[in-house]
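There are structures below to look over.
In the two assemblies presented below, subunit A is common to both, partnered first by subunit B and then by subunit C.
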Partner chain A sequence: MFIIGELINGMYKDIGEAIKKKDKAPIQKYALEQLKAGADALDVNCGPVSRQPVSDIQWLVQTIQEVTNKPLVLDSSKPEVIESGLKVIKNKAIINSTTADVEKLNILVPLAKQYQAGLIGLTISAKGIPQNKDQRLELAATIVSYCSEQGFSPENLYLDPIVLPVNVAQAQMRDILESIHEFKIISEPSPKTVVGLSNVSQGSCLRSLINRTFLTMAVAFGLDAAIIDPQDKELMDALITSELILNKQIYCDSYLEAYRKK
Partner chain B sequence: MLEKWTGEVSVINIGATKEEGGSRRQVIKVGGQATLPFLSGEGVLANKPVVAFEVWDIAPSDWPAGLAKAYADVFSDPLAWAEKCVKEYKAGLICLRLQGAHPEFGNKTPDEEAKLVGELLKKVDVPLIILGCGDDAKDNLVLPVCCQAAKNERCLVGSAAQDNYKTLSVAVLADGHNIIAESPIDINIAKQLNILISDMGLALDHIVINPTIGALGYGLEYAYSIMERARLAALAGDKTVACPFICFVGQESWRAKEAKASEQEFPCWGPESERGVIWEAVTATALIQAGADILVMRHPQAIEKVNKYIDELMKG
Partner chain C sequence: MFIIGELINGMYKDIGEAIKKKDKAPIQKYALEQLKAGADALDVNCGPVSRQPVSDIQWLVQTIQEVTNKPLVLDSSKPEVIESGLKVIKNKAIINSTTADVEKLNILVPLAKQYQAGLIGLTISAKGIPQNKDQRLELAATIVSYCSEQGFSPENLYLDPIVLPVNVAQAQMRDILESIHEFKIISEPSPKTVVGLSNVSQGSCLRSLINRTFLTMAVAFGLDAAIIDPQDKELMDALITSELILNKQIYCDSYLEAYRKK
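Up next, the complex of A and B:
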């Protein structure tokens, strides 16, 4: 599982403050702590309060690059913010994200190619959030075929089925999980799949339990990557154990420790 | 279709030269493969498999005549034996088995064995593998002083097992050696033992796995599948099993009936003088295909054949 740490996001108070004051220490601390906890990459999001996201993202990227060379996931709905981040990035980049709308694909796919970046594709469009599996697959196919036509390999594409909160969209959960599996058969080579996990428990009470149960199920449906809080130890333990059960790791009595030694 | 691997086998250095504080003429590097055995089109094969000549501290009583004959003139003199391997048979690596320390096979003292190790290091200048006698309690007395006697020579010392790894791990760590981690044809235990040893402070890139093998006809395929599974996991990024393998080919092959039974007993099997050599060589070549990095062997003719085979394979 490719684990993307979600904690560097301006919507969290201390990160928001740090961005405002240009205080590197908290950003770098969150970066290192998430990597230590098992993150393979770090999501970087200026958050809703940032007034100058175009320059803030550059500061964030440069600040994090001072302490790690792990991949950074540039997270913004505004293509100009993404492009600004790409201009200063030295680490491997992943763009988070495009939608299935042509206007966005037209900008972000060429950028991903130019910077040899990965690209997260949300199965969503200006028409709204898909209501069932077929709509998700249709949007996924739109993104995959656009990328193929532009010579962007599906191997660098991460399709996100859009995880909805279980307390508002219970009826969709099965469709979301099945989409993860079916995205993989859209093309050869297969696109990768990703979820932004914590949305599933948005507004719920037992957030951590809901998160790890959904993640475990998504792993069984073939999920490749997840944007999560890697410092949620029970979540990480459940993830490692899911992969163990799917024979992705060799069992030993200390398999949790073994995974963390990787 | 070519596989793309993300991991690779760790590189172990055996032997230290003068510049590094030891006295070996060269360092032998094993491991470092970034692909399955000999698929050079898919990834780097950093180092070739190596053969170590097995030398005992006492004259082995159970080696068949056809094998013992090759060392008849030096059988009870380990120093001369090692020297013969290096000078006559061009051995690049010696594996000293301290069988004589075993309470039932001579019961040599730790000091006697340490002295032998010191003398052997003076007699020959190739890197050294040191093995205990197999009796845990005795090995825990003998191996630490032998580690000390070979301090800074960066030997490979064995064996640690799941229920007896602490003493040896500490000694190996203190004196700058590498360790052999032995598991009974069991990948789960192999992985667990590596974690236990690395928790003692000895880094994973100082561990060589002895997966335990069977000779041709005696479970070779089990060892093969264990080694293949570990290697696939290593190449996929699991560092806890990304260690080179050592295989005790001589020990297992020469126990096989097919290697040692006389022609009188089985006339249709042909002369045992050729059969044993072939049994050892074929066992070795199969294990090389499974990913063996160090082969501890006995008969010089078998070793010659295997070295040729390795050279051919490495031509790609």
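Up next, the complex of A and C:
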């Protein structure tokens, strides 16, 4: 599993404050702590408080690059913010995200190619959030087709089925999980799959339990990557054990520690 | 999920002692505690210590029936022990278990019909344990065909894919999980599926974590019933949350408590 740490996001109070004050210490602390906890990459999101996201994302990228050369996931719905971040990135980049809308694909796929970046494709469009598995698959196919036509390999594409909160869209959970499996057979080579996990428990009480249960199921359906809080130890235990059961990591009595030392 | 409590088994020291001394109190205590913790039925197994399993199972059944009218799962590899238990049962019975061998099916399917009992069918035969998904499916089809020919409905059949320990058969775990899904489409109406969960962590260190991770995945693949320790609270939390995610129980903030009160 490719683990993307979610904590560097301006919507969190201390990160928002740090961005405002251009205080590097909290940003670098969160970067290093997430990597230590098992993150393979770090999501970077200025959040809603940022009034100059185009410059703030550059500051964030440069601040994080001072302490790690791990991949950075540039997270914004605004293509100009993504492009600004790409201009200063030295680490491997992943763009988070395009939708299935042609106007977005027209900008972001060429950018991903130009910067040799990965690209997260949300199965959503200007028409709204998909309501079932077929709609998800149709949007996924739109993104994969566009990428193929532009010579952007599906192996660098991460399709996101759009995880909805279980307390408002309970009837869609099975479709979301099964979409992960179906996305994998859209093309050869397969696209990758990703979820923004924490949305599943948005507004719920037992967030960590719901998160890790959903993630375990998603792993069973073939999930490749997840944007999560790697500092949630029980979530990481569940994830490591899921990979153990699916034979992606060799069993030993201390397999949790063995994974974490990797 | 149809939860079968596994704790009344002579292999556990206090149960073994109670069977030997014909001491009803510990048996009835375990029966009531498992039901309180969420069991829908109770497995009843004399265990390896019993020298007179044919009479011991009758004593166990009668002892448990004094305190509950919930279904009892008569657990023995010896058909004569099963038949003996059936002779005194008043509660709903489930036979645990037949294999795919004709000699066993010849005895146990007619017994299940005669006593209107459910029947657990292990996808195993005298040739040994299946080594992959195809072998499991073949054995499952043998059992389903036999039952159909005898007029025993697949709805009363619980197919068990044979859960192996992750520390010795890691490469088979995915096949076991996928078998659960495939068993469901063998016939119309579908047979039910069941696992003896605790075997997955036999000999491992982090038994509860491995158990609940595997169970969560099995639920995602459509599992109907599980023989488990219902007093493992974290296991039950994971199970309830799995069912929540798959929309088998309506969300409310206190869904764990709501389920337990049911």
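In the analysis below, the second predicted complex is superposed on the first by the 262 of 262 C-alpha atoms of A that agree within 3 Å, B and C clash if a C-alpha of one lies under 4 Å from a C-alpha of the other, contacts with A are read in each partner's own complex, and residues count from 1 in each chain.
Keep this in mind: contacts are C-beta pairs under 8 Å (C-beta built on N, C-alpha and C of every residue); 3 or more make two chains touch, one makes a residue touch a chain.
Quick caveat, the model's predicted, so the values are computed rather than measured.
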item: Touching partner for A:Phe214 - first (subunit B), second (subunit C), both, neither; value: second
item: Which of subunit B and subunit C A:Asp237 touches, first, second, both or neither; value: second
item: Partner, of subunit C and subunit B, that touches more residues belonging to subunit A; value: C
item: First (subunit B), second (subunit C), both or neither touched by A:Val166; value: second
item: Touching partner for A:Leu206 - first (subunit B), second (subunit C), both, neither; value: second
item: Partner chain(s) touched by A:Lys261 [first = subunit B, second = subunit C, both, neither]; value: first
item: Contacts of A:Ala25 with subunit B and subunit C, given as first, second, both or neither; value: neither
item: First (subunit B), second (subunit C), both or neither touched by A:Arg174; value: second
item: Partner chain in contact with A:Ile250 - subunit B first, subunit C second, else both or neither; value: both
item: Contacts on subunit A seen with subunit B and repeated with subunit C across the two complexes; value: 250-251, 253-254
item: Contact set on subunit B toward subunit A in their complex; value: 187-189, 191-192, 195-196, 198, 204, 229-230, 233, 237-241
item: Subunit A to subunit B touching residues, read off their complex; value: 249-254, 257-258, 261-262
item: Subunit A-touching residues of subunit C, taken from the complex the two chains share; value: 166-167, 170-171, 173-174, 177, 200, 204-206, 209-210, 213-214, 216-217, 219-221, 237-238, 241-242, 244-247, 250-251, 253-256
